[in-house]
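Look for subunit A in each of the two complexes below; its partner is subunit B in the first and subunit C in the second.
Right, the complex of A and B next:
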């Protein structure tokens, strides 16, 4: 119903546009003058006033209508329902909502007093629902007409419809950017709020500096062996280790391919290599993930097992023989490959922004191309390139899919690239997948980890942006 | 007379070394001899066959309206056109009797002998000292710190910049004023020990005072180097050069003694240009 009303509103606004435009034309013609604004602006003006206030009411109805209804219905709980356990009270109201709005009700059968209470509540909910909906529809209707009438009355050749429309346009643009800002703010606040709840049960010091991570907590008193440990150091170390391995791959390969592309490649080669790199950038990370788990992991394991076979009897050989598919090295290398196009396209832009005059100056003194790059271009581009590397680091730290599939789950504090490690992001995934109640420290720990991750990547991004900006100013 | 020659075909061990005094050239010896030089950018011809002799130990000015090919020809003299992928150069240009465009010529060695100064001062984002030491370093001209210090000092002195920067050699070269930057770039070019310095509108980004200093410097450098300067200012050409060449639409219209060109041009187009009737 709301959908039809919305469609009707759109039709009405289109009609308003046409009426407004033709009114402006007629008025201008009858007065024999040229209006301040083109007739279409008057049309837009009327259409906007017909549409926006009414549409806002519909929006409020859709978003908040159900909540208001629930609040009213649940404000007084019947005596029969009050005797039920809390869990069943919630179920009762859920069933009421389902019956009114047409959804899946539970299989609970209500009889006797409960039946009476149920029917009473259903009737109440229906009437509240009707009142709210009809009220909102009436308000929408009135606002659409009133808005149209108001705007229609202002249309005249002297009216500055063009400027009015301009103000609406800028208001619309502001509203869009506010949505982005508010969303970010909301995410940060909910992260902070839930983390706060987590830190009420686990001290921040234990969390940041503890070395024991085993978030499984005893659900029942008689369970043993799951005391719960929330020391995140093994996760930080694992994240760091994989990030370092990834950067060892991505930084040199990405930078050197950027140098080739911007300094050596002929236009023909560039036209081929750039799109291929962009394809690499377009591969979904989950594809990299199973590539790591199914191809890279087993081949690395075979390689190390083969290597171990040459050293029978030695501890080193024994260790290599027992290396598993899942190791930090695999996740790091594949993540590095994922980051190559990211690093190379950023570095390419930065190297290209080094003025040609510097290259000419160096070449004109008898420097070769590689000397020019090494001694003039790269030093000039260094701040920008380090900014690009920091951005890559922050992506490596936040990357989830590859590590989930290739690095393992064991929380170990180790810098051995052949060991399985786990990262912050992997733990967030494992903590939150499956059926969970969002009030145990186990699930709340995800928010603590999320907040830490957010703080780290935010800091990295801010530093990187500052560096890149400073560098850009230098050559403007 | 014996011509002073250095092998253009690498390896050249004489870069930066003091020259054999018995092998010096004079202001009457041609340093460059260009015959039928044509340049194309892609399919578009930019120069239609230039014939010119450029004398050593003197200043030759290239004048002409924008887009007439004077900078293009200047860039032929140290093969900087190689760095433009679409550019193609035909014809012969002899430097001390050797063809620059010969396949055996190493442009890197050539550019150490034929230095260049650009329109916009382009010091590297390094210190003043490092800017001047850059060329000697890549060519391995100094074996010790003292030698390098000496090269830097003498180059800055030759570029009349030493007195202004001797107390701040280790500050950024980009922090100098425009005129100082341009002299720093000249010092940088001198430090490699070139025989020729090409200047592509070296004063067009400078104020009149800085311009006067550069012009003074050019006049001093003429004692040691062959200097070719592209300029838009006819007054500048008249002030600093001994020979002037007038380019128009990719042709070399007239070349001769600067006095003659400005007082008694033979070609109507030259006459029109220097009297400001077009250009």
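Right, the complex of A and C next:
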């Protein structure tokens, strides 16, 4: 229904545009003058006034209507429902909503007083829903007409329609840029808000410096292991380990291929290699995850088991015989492959922005090309390259799918690449993809981890961008 | 004195020269060797990158191509009135009835406990029973008649026909017994089972039965989500870029917005998922695992890249265009919207398509907004639960049945084909319309 109303509004605005334009033409012709603005601007002016206020009301209805309705329905809780435990109260209102909106209600059967309360609430919710929806529709209708009438009355050859329309256009463009700010604010506020709720049950110090991670909280307080452990150090160590392995693969391969491509390769070769790297960069991470879990994991395990078979009896051999698919090495190496094109294209840009005069000077002194690169180009590009590496580190820390599919779930504090470790992102996914009540510390812990992840990557990005910017200014 | 001094100098030179020469020659040799080594490292690095891509694609195609061929069984089914109660057509055991008919046709006798027919049933698909029921429900007059049914054969049987389950494996380690293999060979020689292109993969939605599982639901879900992303990200991104590049005064606020956009481009995707979960689902109450929420989250994610691409193509339009428009009396807005924006459009489209292709492959934020649930049907609208291609890959990868592995790889191939098409479109656009000033 709302959709049709929106379509009708669009049609109405198009009609307003036509009317506004022809009115401006007619008025100008009858007064025998040229208007200040082209007639189309008057059309736009009328169309904007008939569309925007009305569309805003519809938008508010769609986004906030449900919340207002819930707030009204839940403002007075029936006595029978008040006696229920808090969890079931939530379920009760969820079922009311589901019944009204035609969704799937839970299988809970309400009888006796609860049945009466349920029916009462459903009726109330229906009437509130109707009032809000009809009210909003009526308001939309009135605003569209009123806006059109107001704008229509202003149309005249003297009216500065163009300036007015252009103010609307700039307002729209500003609003678009504000979306970027709002996104950042939304990320920070939502992470902070949920993390604060998490830190009410777990102290931030225990979270950041605790060494025991087992978020499996029991359903009832009297069960074994009812207090989960929320010490995130094992996750940080695991993330760090996988990131280091990934950088050990990505940094040399990415940097050397960037050097080769920008300093040695013929244009023909560049034309072939660049697209290959771009394809590698475009492969979705879930594909890398599949590759890690089903190809790299088993072959690495077989290799180490084979290696272990050469040292029978020794503890080392025993250990190698028993390594699993999900070692940190697998996730790290595949993540490193994923990062190669990223490192390479960033380094390529930076090496290319080193002034040619530096190279020419060095070559003229009789240095070979590799000496020029090692002693002149790379030192000059070093700040930029270190910035690029930091960006790659931030990518590795935040990467999710590869580790979710190829790394394990065991939270171990180890730096052994053949052991299974878990990372911050894996735990966020695990904590949030189960079926649990949203407000449990278990799900809120994911936001605590998310906040840590965001803070770390933000710091890395800010430093890296600062370095790269400084570097670019140096040669501009 | 001078003569002797000169001659002695010349002598020392002569004595030193061969020494210096050999030293220089030696050093030059090692320097050139270093040069060669350095160049070799470069070639090695590039080959490693290319090799990785090669292995990646080879393994995926190797594992996935078999899923594009499947085996179907076609058989005459007698809708036996003795076994189907016309008043309760749902109650009959169609699978058993069809299995016994196929066995009779193949000359296999059932034992008294029905274990033989039970084993035989495993190599046929339950889809045959559903199809018989459906046919009967559409047309109850078919009762007592023979109809011809075609359906995909059970996943394990399919793997046997493709040679992925062989007799070399110990019988206990495979899902197909020796007896079943004999029956399957007989079915094939009798011509009941045929192999053909796996259309089910593109016409079916997700299912718990690997032989019936298809990608149509995921493709539709991805298309809807991408539509939402495009509708939101393109206008907002282009608008923001126009403001920052053409209109914004250079002050602290616009500098802040700029730093902000650069940072947003580097925020891990999973954080966007957390944002979507906290704001769109928990706070605004939008429906979980719907293409709408997915599209909104992905559009926020794609926004920085769209803005950055748009800004760079706006910057590539020479100032003379703007000055000429302003010079003949256009307003700033007219100059931008009538002249600069159309000229920058090919670049903008290229950047946008590439960032949409990235959004198509994105998985992590979608897991956060609950898209991991099993969705057996087609999504009806942008607000109903749906699955999307990358998440479908993730779900299938976690499935234990072996037949899902090849389907996972096949789904990856489909996803990569879509992404390659989008990237090719972007490249073609760039080639066709790019102007160098």
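As a convention for this text, the second predicted complex is superposed on the first by the 401 of 476 C-alpha atoms of A that agree within 3 Å, B and C clash if a C-alpha of one lies under 4 Å from a C-alpha of the other, contacts with A are read in each partner's own complex, and residues count from 1 in each chain.
Going forward, contacts are C-beta pairs under 8 Å (C-beta built on N, C-alpha and C of every residue); 3 or more make two chains touch, one makes a residue touch a chain.
Quick caveat: nothing in here was measured; it's all calculated off a predicted structure.
Once the two complexes are laid over each other on the shared chain, residue contacts for A:409 go to neither subunit B nor subunit C.
In the superposed model, A:376 makes contact with subunit B only, not with subunit C.
With both structures placed on the common chain, the touch criterion links A:295 to subunit C but leaves subunit B unconnected. By the document's definition of touching, neither partner reaches A:123: not subunit B, not subunit C. Of the two partner chains, neither subunit B nor subunit C is touched by A:7.
In the superposed model, more residues of subunit A are touched by C than by the other of subunit B and subunit C.
In the superposed model, A:29 makes contact with neither subunit B nor subunit C.
Of the two partner chains placed by the overlay, only subunit C lies in contact with A:286; subunit B stays clear of it. Of the two partner chains, subunit C is the only one touched by A:399; subunit B is not.
Of the two partner chains placed by superposition, only subunit B is touched by A:364; subunit C is not.
Applying the stated touch rule to the two superposed structures, the overlap between the subunit B and subunit C interfaces on subunit A comprises residues 368, 371.
Those residues of subunit B that touch subunit A in the shared complex are 15, 78, 80, 83, 85, 108-113, 115-116, 118, 120, 122-126, 134-135, 138-139, 185, 188-189, 192.
Against subunit C, the residues of subunit A that register as touching in their complex are 63-64, 66-67, 70, 162, 166, 169-170, 172-177, 179-181, 183-184, 186-187, 190-191, 193-194, 252-257, 259-261, 263-265, 273, 276-277, 279-280, 282-291, 293-295, 337, 340-341, 344, 368-371, 373-374, 391, 394-395, 397-401, 404-405, 425, 428-429, 432-433, 438, 446-447, 450, 453-454, 457-458, 461-462, 465. Against subunit B, in their complex, subunit A makes its touches with residues 266-267, 355, 357-368, 371, 375-376, 379-380, 474. Those residues of subunit C lying in contact with subunit A across their complex are 31-32, 34-35, 37-39, 41-46, 48-50, 52-53, 55-56, 59-60, 63, 235-240, 242-244, 247-248, 256-257, 259-264, 266-272, 274-275, 277-279, 282-285, 300, 303-304, 307, 331-333, 337, 354, 357-358, 360-364, 367-368, 372, 390-391, 393-394, 397, 405, 408-409, 412, 415-416, 419, 423.
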